[in-house]
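Chain lettering (A, B, C and D) follows the sequence in which the chains are written, and residue indices restart at 1 in each chain.
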Amino acid sequence: MSFIYLIPLLPLLGFAINGLGFPRISKSLAGIIGTIPPLVAFILSMQLFLNFDGTTQILTLSEWIKVGDLSIPLAFQIDALSIMMLLVITGVGTLIHLYSMGYMAHDKGLGKFFAFLNLFVFFMLILVLGANFTVLFIGWEGVGLCSYLLIGFWNQKNSYGDAARKAFIMNRIGDLGFLAGIFLLIQHFGNTNYADIFSAIQAGDVPDNVGLIAFCLFVGAMGKSAQIPLFTWLPDAMAGPTPVSALIHAATMVTAGIYMVIRANVLFELSPEVLHFVGWIGLATALLGAAIGLFQNDIKKVLAYSTVSQLGYMFMGLGASAYSASFFHVMTHAFFKALLFLGAGSVIHAMSDEQDIRMMGGLKNKMPITYVTFLLGTIAIAGIPPFAGFFSKDEILAHLYHHDPWMWGLAILGSALTSFYMFRVFILTFWGEFRGTEKQAHHLHESPLSMTIPLMVLAVFSVGGGLINLPHFAGGHEFLATWLAPLLPESEGLGEVSFLSLEMGAPLMAAFLPAFLAIYIFGVKKSVPSEDAAISGIQKVVYHKFYIDELYDVLFVKPIALMSNFFAQVIDFLVIDLFVEGIGKGVQYASTEIRKAQTGNVGYYVFLMVISISIILFLGLKSWIL
Amino acid sequence: MTAIIALSLFGISSLFLGFWFSRKVLQSLTLVFLLVGMALTAADWNQELLWFGHMFRTTNTSINFSLLIQLAAFLVVAFSRGFGNDDEHTHPAEYYALMLFSVVGAIMMVSFDHMIMLFVGLEILSVAMYVLTGSDKRSLRANEASLKYFLMGAFATGILLFGITLVYGATRSFYISNIGTIIASTAPESTPNFLYIGVLLMTVGLLFKVSAAPFHFWTADVYDGAPSIFTMFMSTVVKTAGFAALYHIVGDVFGGIYSTWVMTIYFISMLTLIVGNVTAVYQQSVKRMLAYSSISHAGYMLMTVSAHQISSTSTILYYSLAYILATATSFAVFILVSDYQTGRKEKPENFQSFEGLAKNNPGLAFCFTISLLSLAGIPLTGGFWGKFFVFSDTFNRNMTYPIILAILMSAIGVYYYFKGIIAAYFKEGDIEKIEVPTLFKITLWVTTLATLVLGVYPSLVKSIF
Amino acid sequence: MQSIPEIIRTIPLTHYVILSSALFCIGILGVLTRRNAIIVFMAIELMLNAVNLLLAAFSSYYSDPSGQIFVFFIMAVAAAEVAVGLAIIVMIYRNIQSIDIGILNKLKN
Amino acid sequence: MNLLFILFFPLVVGLILLILKPAKAFIWSFAASLIELVAAGYVLSQMAESASPQSYLHDWIPEVGISFSLLADGISGILIGLCALLVPFIIATTARTDKANNAQYQGLILTMQTALMGAFLAKDAFLFYFFFEASLLPIYFLASIYGGENRQAISFKFFVYTLFGSLFLLIGLIYVYLRTPGQIHSADMEVLYQTAHGLTAQHQGYLFLAFFIAFAIKMPIFPFHTWQPDTYTTSPTQGTMLLSGIMLKMGTYGVIRLVLPMFPLGMATWGSTAMILSIVGVIYGSIIAIQQKDAKRLLAYSSFAHVGLISAGMLTQSVEGIQGALYQMLSHGINVVGLFFVIDLIERRTKSRELAQLGGITQASYVLSVCFVILSLGSVALPLTNGFIGEFLLLKSVFDHQMTLGIIAGITIILGAVYTLRLIQKSMFGNVSRITKDFEDLSAAEKWVLIPLCALVILGGIFPNVVLNFSEASVVQLAQLVK
């Protein structure tokens, strides 16, 4: 299976060519060079998927770090989970590369852009392929780096650069936790290989601080997957080009956290309190994201917050140890959220970089394909059957129902919010009449084929994605669950559910009613969100994201800046250095004092000599005679 | 010990030769005399001999010291240029003769075996120095210096003599070898108290010669006032002789009653370190700075004396050698620069007159730097190993406090020595090329290289000492 | 008729020691208190003479001549010192018309 | 013999340059440094394959048992490699500047190299000390002749401060040396180890302090660091590179070579204090770096933070810690040289290091910005860069030693990102400023310095074992000595 190495290496190659070639390689060529590797990688992954015999296999490239009795190999692990991730990453990745060729066509940095995208794919693949937590960490930080580079892609604009830094630093905070987790693992197991650790645990060698380990790892996930309290970077990350938001901040990177938790489910299963914590964090994030999403007017911001809240759902699922369900949601979410972002991208493209939905409206005639695909995406995310989102979300909810009714209830509320704001965005964008400027109006146009093809493909998946894990009651046989089963703990069967039960009905209500409400408000009554200035009251608080950024600013950023100046100017300069200099000054002062004894007067000199002689004699006699 | 006889004769003869020959000739003659003297001194190597009715003992140690002293004198003579401005009104012959005589005195001081020799040697040295100090008759500074030196020197001699007398009274002998044995043989309670007083007074008398605090007051003023060339002579020859005598007395003779004097030396060494180094920081005049630095070096050497190890002798020898070379070099450069600056700057002896030296006189700047580094005890130079040996001797006695103090002080030392280097290299100044006599130049480079050699390969001489 | 050493021995040694110490201290005091270079110099001579006296006393007590030899040496050297010292003083007097050591403090610090 | 060549060859060329002042100084020095690199590479490869240390022994001061003995084992080998590797780069950075053919300048650099090599090669403690202090002179002259404003005062302060520290080392050494058996004592490190082990805990404590203060000032460790930012800022770029890239390692190397194996009991008493100080330095330096306005100063503080972590890792006395420290010394050397060079390039073109005045350089010079980012990633320890290996091992060792300390030290990876990214953004990203708007692209020569450094950064992250295996044996041996 040596071709497995090609899967990550191809994107790396693409990165190398485009990176070194920039800016000599022509843009069209750069696009192709950038798009082929993920495509081939996808085909290879497909190959892998088709003749995968269910056995986990580990391929070791080489020893990476060998110190004392610690040895960390560069190794890949091929199993059900990683294969699925491979498919998602390369598949969605390919589509987004394709889309970018159109979307970035006018950008002079196109070659660089594709280089970064390829690098990202490479690191993402390393992340999912890694056979131990350390290799995973390579990808883990690598994708962070790429997201930094891509968010700040248009780095002339300082605010973009800030957003990029914010993303990287917040991820780093999580990474510290993750690193701590790794250290703890090494402390107990001697290395970080999944195989060794999990087999050791199955053999009953459970570290007593397993809870701490799981928690540390989860801290990493918080950062990567934008959970409370480390979520504020994701909305800002929308500064990056839209394909980036689609690929990194919706489909793949942000789900690395979920992937990691599923990967380490053995550890998490051993520490129920941590799982509980995960669940509640997820819930809180889901609600917060959804709530903030309600009043955002920037189309990408809305999608960003919806991503935050969807990620929250996934963690809720994990909290209820519904790993397969969460993973299912990861995949469907990858489809429809990528679709929505790309759709938004195509809208923005058409609106010549206008992102405010209050400036849009009535685009459905101008750009039909985008319209239809976006609609499908919206329905999917709103969780309306039989679209992909319905099944995945519903499965999570079902598990929650059995796990903790309260969570379930709140989750329902969350999904209701989701459905509302998604339709709000959809309607404000495509229905009604155009609210933008003349200039924008007259070059509104449907996007080129390279952009619409990905839309259509993704639309298909968003509609039919549910089939991957079609539950029994819908006549399916939970393919994904069975596929992942060997890696996961036995999850309690959910029993039979019927469409009429509360368990089934509530989600449906939560999906449909808000949708109708949104249609009524924005479609029928054609009300448009008011200007920023006019917003007030609770709505204002929500609109400003509950002022969480400002809170962090006051709590961390400003104090550190103050501390920095204080240390530099007071402690360093006034305390320590003054002491050091003080010694020198002291000596000089002493010098000016002592030399005063040198009066130049002989009599005085002799006097001092006599005095000292008599002192010497006195002391001498005292000590030897008396 | 034919050397002292020869040197005395040379001295007398050079007085007469002065009638016929010019300074240059006399200078080279004196150098030759000194070389002969060294040869004669070295001739007695490895044979313990007694001379002049057992009043005079040549051991290898004393020979080493004598050689050092003559080497120092040699350097001084080699570095001597016109005394004052012109040779007519001054009398080079007398000066060279006096230097030779004082060398004789110094040699007597380092190899005496009888108190009379010590006393006479000391006086020969001192009286000659009084004269040389005041040799620049018209300069008030020189006058003042010589009077101070004379009065205080005579006073110190008085103290020394009283000490000698008391020791004689206690031991009934002037032969220091006997004194040692007598002190060793008689029980402490039966030894009269004034023996101790005598020992202390003798110590004080010699501490004055090596300018240890608090008997150092004359040093700065006399060094400052005397003509630079004789300052060089004092800080090398006189100091070495003084130390040899001091160590001979307290180390060899009164070694048996170590406890009587060790505390005195112990504290005096620390006091000397502090006074010398700390006061030097303030100085603006290079000459005075070097004066204080010579005080501080006395402090370092006294540490060894108070440690009183077997190795102390060789340490003192090594230290003196490194110190002589460095001091001679720095004084030589100082003489050149200050002479050059006389008339150009109103204070030709201050650091300012060295500013920009490296630009047109890289050689001089280099020699100056090396000598200062050696005085500061930086590696690559002889001074470093000197300090090293001192510290290791002192540590053998577990004297921790002096070591700590010495370290602080050497850090301070770096501070003031580097004022010279900074002035020479990093400050802007307007010094054209200073023309240097050939002999002078050669000697300068020899001393500098010798300092470096001592720094990288100390065992070259360490094996002899 | 006793020989002089015997006469000398009639007075206990400590008396000599005390006497000459007293002389010595007087000399020192003279050095300390007087400002006239010549008188200071005479005080120093007094110190030396105290030493001479003591040496003589010791040597006759121990009937050991070397002490008295030493005295001769001291006298000779002192004479030499006098010669140089007076020369210096004269030289200074030439320059500043004064031999007050108090005003000679140009060199200091 | 080879060792002798490695040790003295740069000195010879350096003296030729200083005395004869040939016209084509750059060619001379650069060629010399390359030859030195080849020679060192040869010796190291010899060692690697024969897996045995190389040594050279000759009498020096037999009277007091001080010998001229050199040793290149796994530990010193790393630093010899570092020294030999960096100096060519450092000299190359002078290419096409006014310093290129300044014989004095180049000569001082080469003399410096010999001093550093000597400190790393010495097996006799006093030989080590000899070079340890001798290395001060060339750098002092470099800094105070060619430095920036107020150079004399600052470099003089640096000189006195470090010299003062090393005097403690001297008496510490003498103290142990005098207790070595035999009429004529010995200063061979092996002997000193044995002797020091025999000392009482109290004495070991004092000695540990004496030694550690000396090295802490050199590194520097909080609170002995106040000479460092000024010195790094005012020194000429090559001087700063020598200081931060190599000379600083003399301190860390000294701790590994002398402190750890000599004073286990002293470590027991004071080790934790020293470690806490180091970690305080890590956080303190990082936090200060965040607000610095002068790029060079920022890097100075970041170097201060990095070395704090190195020291903390060493003081754990674990194999991981020491290996990590060694590896991090290597990586840090490479990274800082690169970073300071980038700053120098910017300063050459814009005459400014003020972050407020810079920006948008990536638009003018793509290569420069890419290299800068790669080097910065190395210094923020991103996986697959050399920085990660070192910090991973160091953090792990500290973490194993004491969890809370590990976490606190770990904060450096966050703060490091904060100030480094700020540096990148203020200089490379954002809009072009008045002074950067006509920023000319890198010349070939400059690329030839930067790109290999970046390559080293990445290779070091992918194939750390090359180095780790090299030092493994010696470090394990050392660690056993410590236990």
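Note that in this section a residue touches a chain if its C-beta (ideal position, glycine included) is under 8 Å from a C-beta of that chain, and two chains touch if they have at least 3 such contacts.
Quick caveat, the model's predicted, so the values are computed rather than measured.
Contacts with chain A and chain D are shared by B. Of all chains shown, the one whose average CA position lies nearest the global CA mean is D. Here B-D and A-C are compared, and the pair linked by more C-beta contacts is B-D.
Chain centre most remote from that of chain D: C (centre = mean of CA atoms). For the pair chain B and chain D, the distance between mean C-alpha positions equals 43 Å. One inter-chain figure worth recording: chain A and chain C are separated by 99 Å, centre to centre, where each centre is the mean of the chain's CA atoms.
Taking the mean of the C-alpha atoms as each chain's centre, chain B and chain C sit 27 Å apart.
The geometric centre of chain A is 78 Å away from that of chain B, both derived from CA atoms. Contact of a single residue of chain A with at least two other chains is seen at positions 584, 595, 598, 600, 602, 606.
Multi-chain contact residues of chain B (touching two or more other chains) are listed as 147-148, 151, 155, 220-221, 282-283, 415.
Those residues of chain C in touch with two or more other chains are numbered 31, 40, 101, 104-109. Taken together, the chains touch in the following pairs: A-B, A-C, A-D, B-C, B-D.
Residues of chain B touching chain A in their complex: 147-148, 151-152, 155, 159, 193, 196-197, 200-201, 204, 208, 214-215, 217-218, 220-221, 259-260, 263-264, 274-275, 278-283, 412, 415. Those residues of chain B lying in contact with chain C across their complex are 115-116, 119-120, 123, 127, 130-131, 134, 137-138, 140-141, 143-148, 150-151, 154-155, 157-158, 161-162, 164-166, 168-169, 172, 174, 194, 220-221, 224-225, 282-283, 288. Listing the residues of chain D that touch chain B in their complex gives 59-64, 126, 129-131, 133-134, 136-137, 141, 144-145, 151-152, 156, 159-160, 163-164, 167-168, 170-171, 174-175, 177-178. For chain C in complex with chain A, the residues that touch the partner chain are 28, 31-32, 35, 40, 101-102, 104-109. The part of chain A that touches chain B in the complex is made up of residues 584, 587-588, 590-592, 594-595, 597-598, 600, 602, 605-606, 608-609, 612-613, 616-617, 619-621, 623-625.
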